[in-house]
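The data blocks that follow each hold one structure.
There are two complexes below, and they share chain A, which is joined by chain B in the first and by chain C in the second.
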Partner chain A sequence: MKWDAPATVELAREHGLSQKEYERILSDLGRVPNLTELGIFAALWSEHCSYKSSRIHLKKFPMRGPRVVQGPGENAGVVDLGQGWVTVFKMESHNHPSFIEPYQGAATGVGGILRDVFTMGARPVMLLDSLRFGALDASRMTHLVDGVVRGIGDYGNCVGVPTVGGEVDFHPSYNGNILVNAMCVGVARADGIFYGRASGPGNRVVYLGSKTGRDGIHGATMASDVFDESASAKRPTVQVGDPFTEKLLIECCLELMGDGLVVGIQDMGAAGLTSSAFEMAARAGCGLTLDLSKVPARERGMTPYELMLSESQERMVLVVTPDNVAPVLDVCGRWGLDAIEIGTVIPESEVVASFDGRQAFRLPLAPLVDEAPRYERPWVPPVPAAAVTLPKLHDRDWEADLRELLASPVFASSRPIWQQYDQSVGASTVVGPGADAALQLVEGTNIGLAATTDCNALACSLDPFNGAAQAVAEAVRNLACVGAEPIGVTDCLNFGSPENPGIMGQFVAAVDGLAEACRAFEVPVVSGNVSFYNETSGTAIQPTPTVGMVGVVPEVRCRPRSHWQVGDAIYLLGPLEGELGGSRYLQIVLGLEAGPVPGVDYEAERRSAAVARELVRLGLAAAKDLSDGGLAVAAVEMSAGTVGCKLTLPSGVSPVRALFGEWRGGFLLTAPVPLEPALERACHGLPLTRLGIAGGTKLVVAHGRKTVLEVPVAELAALGEKGLGWLYEA
Partner chain B sequence: MLVEVRVKLKEQVLDPQGEAIRRVLSGLGYGEIEQVRVGKLMLLEVAGTDAPEVRSRVEEACKEVLANPVIEEYEVRLP
Partner chain C sequence: MSGAGRRPRVAVVIFPGSNCDRDALAAVELVGGEAVPVWHQSADLAGCTAVILPGGFSYGDYLRAGAMAAHSSVMTAVRRHAADGGPVLGICNGFQMLLEIGLLPGAMLMNRTLRFICRDVHLRVERNDLPLLGHLASGQVLRLPIAHKEGNWFAHPDVMREVEAKGMAALRYCTPTGELDDGANPNGALDAIAGLVNVQGNVLGMMPHPERRMRALLGGEDGAALIRGLVEAA
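Coming up: the complex of A and B.
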C-alpha cells in the first residue's frame, strides 16, 4: 500500500476509526484523504491524543488557584513555589507498551514523561512510579515485574534523575493488563517557562534529536485498543529508549531555552511528529509547512506515512526565529545532537507537507485538533458496594491476622524495587523511597518540594467516587508526613473500555470524586492523562485513578523522620476506630472485597493534616498516616523492624476496628517525652489519644488490661521483606 | 555438538549501542562506516547427535531466554 493511495472505509477501520468518524473526515475535507492523511486523522482522533470520551468530564476538575501558572492543555502543569521558583509536573501511563515489552516499555515511559517536563524549561528533579501488577503466579507476571523495575531503574539511573517514590500493588484484575504510571517533577525559574506553541509566521521549524525509525508506528492507536490474543502481531511497534541521548537532549534544550533561542518547543511523544506539529500549530493559531524529505531517517525508503507516525524516542520539535537557526544548530552540534530545519510557520491554520518535491498532504488544523470528535458516551452510575454480614471479629488471633496481612504481596516491602533505583543523584533528596512522600530541596534554596502518588484501586472498584476522593485525602496526608502543603495534582486515570457503559460510569464517578476532593482540599489539577481500554479479552482492570500530588515546604529546617525512636511517646491523631468496609483486612484476611467505602470527612482531614504538617516542619514529631492496613500496619512501619512499642487501646473500642480499620484519616505521631506538652498543645481541639511508648523489640498491644498482640517487630518486618525478595535474584 | 546462536536486534529496532560505536568511529576518521548494528554470538556445546532435535531444543531456548523475540531475531547454526 503506497503512502499516497486513496483511503477507504476498510483502511479507516483498520486504523481504529469508526464508519461515522470516517464519514466526518470525508465531509471535513470535502475529498478522500490519502493513506498518510488517514493515519494522521487516526492518530489525532485516537482516545490517547484526543481524549474524546473523557474531555467533557475532565472539565469538572478545579484547575485554577493562586499558585497555578499553567493548567491542563500544555505538556505539563506549572505551579508557583515562591521565591521566584515554579514546579512543573505530570504523570503519564505507559501500560500497553510495558505489557508487551516490560523493560523497554517502562524505560520509554520514563523517557516520555521526562521530556514533557523539560520541554517546559524545567530541570527534571524527581521521578515517581505507580505500578500495578497481577497475581505473582499469573503467566509472565514475575517477568513483567522484573522487566518494568529494571526498565525504570536503568533509564532513570542513566539519565541522572533520581527515582524517589511511588507505589506498587497487586491484584488479579491486572493479570492481562499491568499499569505503569510514571510521574516527573521538575523545577524552573518563574520567568523561564516555555510553551509548545508554533507562533510567529516566518519562524522556522527545527527537528532535534534521534533519527526517525520505523519503531512505534501507531503507538497512540495501540494505546486506544483493547488487548486480545492477536496483540502479539502488533509487537514490532515497540520502541527502544536511549537514555544517554535523552540526557544530551535535556542539557541541550535547557541551554537553548536559557539562552532565549527558541520561541516554542515540544517533544515528539505519542503519534510522533504528527501530534507535535498539529498541537503546536493549533495552540498558536498558526500553521506549518514541513519538508518531510529533510526529516532524518534511520532506515532507507521511509515514507511520509512512517515519518509522520513514527514514535521513535528522544526527538524534539523547536520553533526558532530565522536569525536564531544558526546559533541553535551550533548549540545542538556542541551537545552531539543532530538538528535540522524542516519547515516554516505560516499564518494559515493548516499543515502542508511535501516529500520528494511534491505535496504529501495538506490538512486543516481545526477538524484534527480543536474540533476533534467529543463523545458523551452512555454511562451507568456504579452502585457502591454495600456492607456484608461479617463473621464475629472479636477474640481472634490478631497476631496470625497481622502476619497474614504482612505476608501478602500488597504489603511486601518495596525495598527490592527501589534499591535498584538511584534515589539521590543530584544530591538534593531529603526523603527518598519507602517513606510516605518524597522530599527534595530546590537546588541552592531551603525550599522543600514534595511528591507522592496514591490510589487504592480496591476501594475504587468498590466505590469509584469515594475511592477516588480517598486517594486525594491519602495524598494530602502523605505530604503532611514530610511537612508539605499540597499545591497541585496530576492524575493518571486508568480504566477499561469507555464503550462499556458500566466502565464509563466508573470513570465519571471517579472523576467526580477526584473533583470534589481536590476542591475540598483546594488543590488544583494542573495536568494528567487518561488511559482507557485497559482490559484483556473482556476483563477490565480495577478502576485505578492514580493521584500524583506535589507539595511545598517553604523552608526545610530538619529532615522528617518516618520511624520512632526508643522512648518516644506514641499518639494517635484521629478517631480510635476505623471502618472495615473496603479494608485490606477484609480483602486479605477474610477474602472479602466488600464495602462500604466511606466518604472523606474533609473538615477533619484538613485540620489533622495541618497540625501534622506543622509538627513535622518544626521537628517536634514524626508522623505516619493511617491508610492501608490501619493502625497495626502503620505501627509496624514506624518500628522499622528494630524498635518495638507498647500501645494500649481503651477497653471500650473494638480491637479489629482499632487495629485494622481504615478510612479514618489520622496519623500516628511520635515525639520524645520532653516534647509531649508541645505536641498536645498543637493538637488541642482535635481527637488525640496517647497510645503508649516506643521501646523494646516487640510490638505489644493491650486492649484495656488484656494483651492482644505481642510479637517481635523483626519477625514482622521479615514477613514484608520476603514478598518481593526474589527480585534481587531475578 | 557446537551450536552457534546469533542474536541481533530486529531491523526496525533502534540500536543505541551500535549508534554510539558509529559516532566514535566517525570521530576517529572512519566516516565511511555509515551504520553499526551490534549483536551477540553465543556458542553452545550441546549433548546430542540428532541435528533436528538439537536445533529444535536450541530454538526453544532462544525463544525462552537467549533472545527477546519482541525486539530481537535469532539464527541457529549447526555444524
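Coming up: the complex of A and C.
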C-alpha cells in the first residue's frame, strides 16, 4: 500500500481506530485522509499518546503546591529543591515491548525516560525501576527477568546514570504481561529549565541524533492493545537502543541548553516524529512545516508514513532561531551527532509536510492534540475484598512461617539484580539500592535528593482505593527512613483493558485513592503515565498503580543507616499489632489473597513520619518502615544477616498480628543506648514501645515470658539470598 | 595552598562516552589540584603535569573496551607524557585504555560471571614506594567500589612472570582483613590483580573507582589518598 493511498474504514480498524473515530476524522478534515495521515491520527489518538480513557480521571490529582514549577503536561514535572536548584522527574512504563523482547524493551524504556528528563534541561542523576514478573516457573519467566535486568543495566551503566532504587515483585497475574516501569530523576538550576514548545514563527526545526529506521513503527498503537498468543509476531515493533548515542545526546543537549542555543526541545518518543512535531506545535500555539526528504534515514526508500511513525531511539527535535542554526550544528558535530534542519515554525495551527517536492500531508493541530477523543468509559466500582474466616493462629510454629515468607520470591534479596547496575557513578550516592529509599547529594551541595517507588499490587487487587492510598503512605515512610520530606509524585498506572468496566472501575478507584492520599500528605502529582491493556488472552494483571515519590533533605549531615548495630536499643514507633487482611502472611503462608485492606490513618502517618525523618536527619536513630511482612521481616532486614536481637512483645498482643500484621504505618527505630532519652523525647505523644536490644547472632522474640522465635539471622538472610541467586549463573 | 595559579594541573581526558570524567574532575579539585578537562581530539595536554583517563564507556565499548579510545589523537600526547615519566592514572575504562595502548601489559576479559558487577571490594596495597601510592601503607586494605563488565585481567605466563619479577601488581583484591582469597576476587582477575603499575612506576591502572570515595557521606574516603598521590606527583 502506498503511503499516499486514500484511507478506508478497514485500514482505520487495522490501525486500532474505531468506526466512530474514523468518522470523526472524516468530519474533522472534511475529506478522506491519506494513509500517512491516518497513521498519524491512529498514533496520536492511541490510548498511549492521548490518554483518552484516563484523562478525565487524572484531573482529580492535586497538581499544585508551593514547590511546583511545572506540573503534568510537559515531558516531566519540575519541583523546587531550594538554593536555586530544581528536580525534574517522571516515571514511564515499557511493559509491552519488554514482554516481547525483554532486553531491548527494558533498555529503551530506560532510554526514553532519560530523554524525558534531560530534554527539560536537567542532568539525569538517578534511575529507579519498578518491576513486576510472573511466577518464576511460568513460561519464559526466568528469561524475561534476566533480559530485563541486563537491558536496564547495560543502558543505565553505559550512559553513566546510577540506578539507585526500585522494587520487584512476582505474581502469576503477570505471567503473560510483565511490568517494567522506569523512573528518572534529574537536577537543574532553577533558571535552566527548557520546554517542549515550538514557538516563534520563522524559527527552524532541527533533527538531532540517530537516523530514522523502520524499527518501532506502531509502538504506540501496540501499547494500546491487549496481547494474545501472537504477541511474538510483534517483535518488529520493538525498538533497539544505543546507550552510547544517548550519552552523547545528553551531553550535547545540556551544552546546547546551557549555552542558550535552543528555543524548545523534545525527544522523539512514542509515535516518534509525529508526537514531537504535533505536541511541540500545539503547546506553543504555532504550527510547523517539515521537509521529510531531509530526515536522516537508516535505509533507502523510507516513506513519509515510516518517517513519521518510526520509533527509532535516541532522536530529538530542537527549535532554534535562524541565527543559531549554524552554532547548534557545530556543537552537534563536535559530539559526533547527526543534526540537520528539517523545517520551520509557522503561525498557522497546522503541520504541513512535504516529501520529494510534493505535499505529503497537511493536518490541523486541534483535532489531533487538544481535541483528541476523550472517553468516560463505563465503569463499575470495585467491591473491596472482605475478611475471610481465618484458621486458628495462636500456637503456630512462627519460625516455620517466617522461613516460608522469606523463601518466597516476593521477599528474595534484590541484590542479584542491583549488583548488575552501576549505583555510584556520579559520585553522589549516599544511600543506594537495598534500602527503603535512595538518597543522593545534589552536585556541589549538601542538599539531599531522595526517591522511592512503591506499590503493593496485592493490596490494590483486593481494594484498589485503599491499596493505592497505602502505596502513597509507604512512599512517605520510605523517604522518612533517609530523612527526606516528600515534595512530589510521579505515577505509572498499570491496568488491564479500560474497555472492561470492571478494570475501569479499578482504575477510577485507584486514582481516587492516590488523589486522596497525595492531598492528605500534601504531595502534588507533577508527572505520570498510564499503561492500559496489560492483559493477555483475557487475563488482566493485578491493578498496579506505581508511586514514584521524590523527597528532599535540606542539608545532609550524616549518612542514614538501614541496619542496627550491636547494643542498639530497638523501638517500635506505631501500633503493636497490624492487620492481616491483604498481608503477605495470608498470601504466602496461608495461601489466601483476602481482605480487608484498611485505609490510611493520615494523621498518625504524618506525625510518625515527621518524627522518624527528624531522628534520621539528626543521626539519632536508624529507621525502617513496617510494610510487607510486618515487624518480623523488618527485623530480619535490619539485622543485615549479621547482628541479632532480643525483642519482647507484651503478653497481651496477638503474636501473629504483632509479628506479621501490616498496614500499621509504623517504623522500627534503633539507637545507641546513650541516645535513648533523645529518641523517647522526640516520640513524645506517639505510640512508642521499647522492644529490646540488638546483639548476638539470633533473632529472638519473646511473647511475654515465652520465647516464640529463636533463629540465627544468618540463616534467615540466606533464605532471601537464594530466591534470585540464579541470576548470577543465568 | 599558595594561590590558584600554583595548583598542580591535572588533565582529565574526555572521550565520547566517558561517564566518570565529572567525578574525576571534582575529586582532583577536592584534594587541591586544578582539574582541566581535555577533549579527546586535543593534540596536547593543555600544560598539565598529570593525567587521568577516566572511567565510562568510551565509544560505547563497541569493538572492545578502550579499543577505539586508544586511537584518539590525545593518546599521542598521553604516551609522550608517560614516556617522559609523567604520572598517569587510568581508572576502569581508563585502565582498559592503558592496556590497549600498551602502557600496561595484559588484557581484560569479561568478568567470570559474564555480568556487570557494581559493589564494594577490598584491595590490598602491594606497592607504596611510588609517588602515586605514597599516601598508602604497604599491606593497607582499601575499600572501594568496582563497576565493570570487563575487569578480569589476564596475561600470558611470560608477561605474568615479568609482572611478578618487576613488582607491577600494585593492588590486589582481598578479604576485609587483607588475605588473598578466591571468594574475594570479584571478576576472576589473574593473581587477583586489581591495579597495575608500569616498570617505571609512573603509570597506574586500576579497575576500582577511587574518585567515588572522597567523602565520608558517600561511603568513605579511601579514594582520596590515591587521587592526592596523583595530584602531588603532578
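Everything below uses one rule, namely that the second predicted complex is superposed on the first by the 730 of 730 C-alpha atoms of A that agree within 3 Å, B and C clash if a C-alpha of one lies under 4 Å from a C-alpha of the other, contacts with A are read in each partner's own complex, and residues count from 1 in each chain.
The definition used in the following text is that a contact is a pair of C-beta atoms (placed from the backbone, for glycine too) under 8 Å apart; a residue touches a chain by one contact, two chains touch by 3 or more.
Just so we're clear, the structure is a prediction, and the values are computed from it rather than from any experiment.
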Message: Please determine, from the superposition on chain A, whether chain B and chain C clash or fit.
response: fit
Task: Have a look at where A:Asp242 lands relative to chain B and chain C in the superposition and call it first, second, both or neither.
output: both
- request: Could you tell me if A:Glu299 is touching chain B, chain C, both of them or neither one (first, second, both, neither)?
  value: first
Task: Tell me which partner A:Ser210 touches in the superposition: chain B (first), chain C (second), both or neither.
output: first
Message: Between chain B and chain C, whom does A:Gly336 touch in the aligned arrangement: first, second, both, or neither?
response: both
- request: Scan A:Tyr421 for contacts with chain B and chain C and give back first, second, both or neither.
  value: second
- prompt: Looking at the overlay, what does A:Arg403 touch: chain B (first), chain C (second), both, or neither?
  reply: neither
Dominant contact partner of chain A by residue count, chain C or chain B: C
Message: For A:Arg690, using the defined touch cut-off, is the partner it touches chain B, chain C, both, or neither? Pick first, second, both or neither.
response: neither
Message: If we overlay the two complexes on their shared chain A, which of chain B and chain C does A:Ile100 touch? Say first, second, both or neither.
response: first
Statement: Three-chain overlay: angle at chain A's Cα centre between chain B and chain C, nearest 10 degrees, stands at 60
Field: Where chain B and chain C come nearest after superposition, their Cα distance in Å
entry: 6
Field: Intersection of the chain A residues that touch chain B with those that touch chain C
entry: 242, 244-245, 336
Task: State the interface residues of chain A toward chain C in the complex, per the touch definition above.
output: 150, 153-154, 157-160, 242-245, 247-248, 335-336, 418-430, 441, 444, 446, 556, 558-559, 728-729
- prompt: For the complex, which residues does chain B have touching chain A?
  reply: 9-16, 19-20, 23, 68, 70-71
Query: For chain C, which residues count as touching chain A in their complex?
result: 16-17, 19-20, 22-23, 26-27, 55-57, 59-62, 113, 115-119, 145, 147, 149, 209, 211-212, 214, 216-219
Query: Which bits of chain A are touching chain B when the two form their complex?
result: 100-101, 104, 210, 213-215, 235-236, 238-242, 244-245, 298-299, 312-313, 336
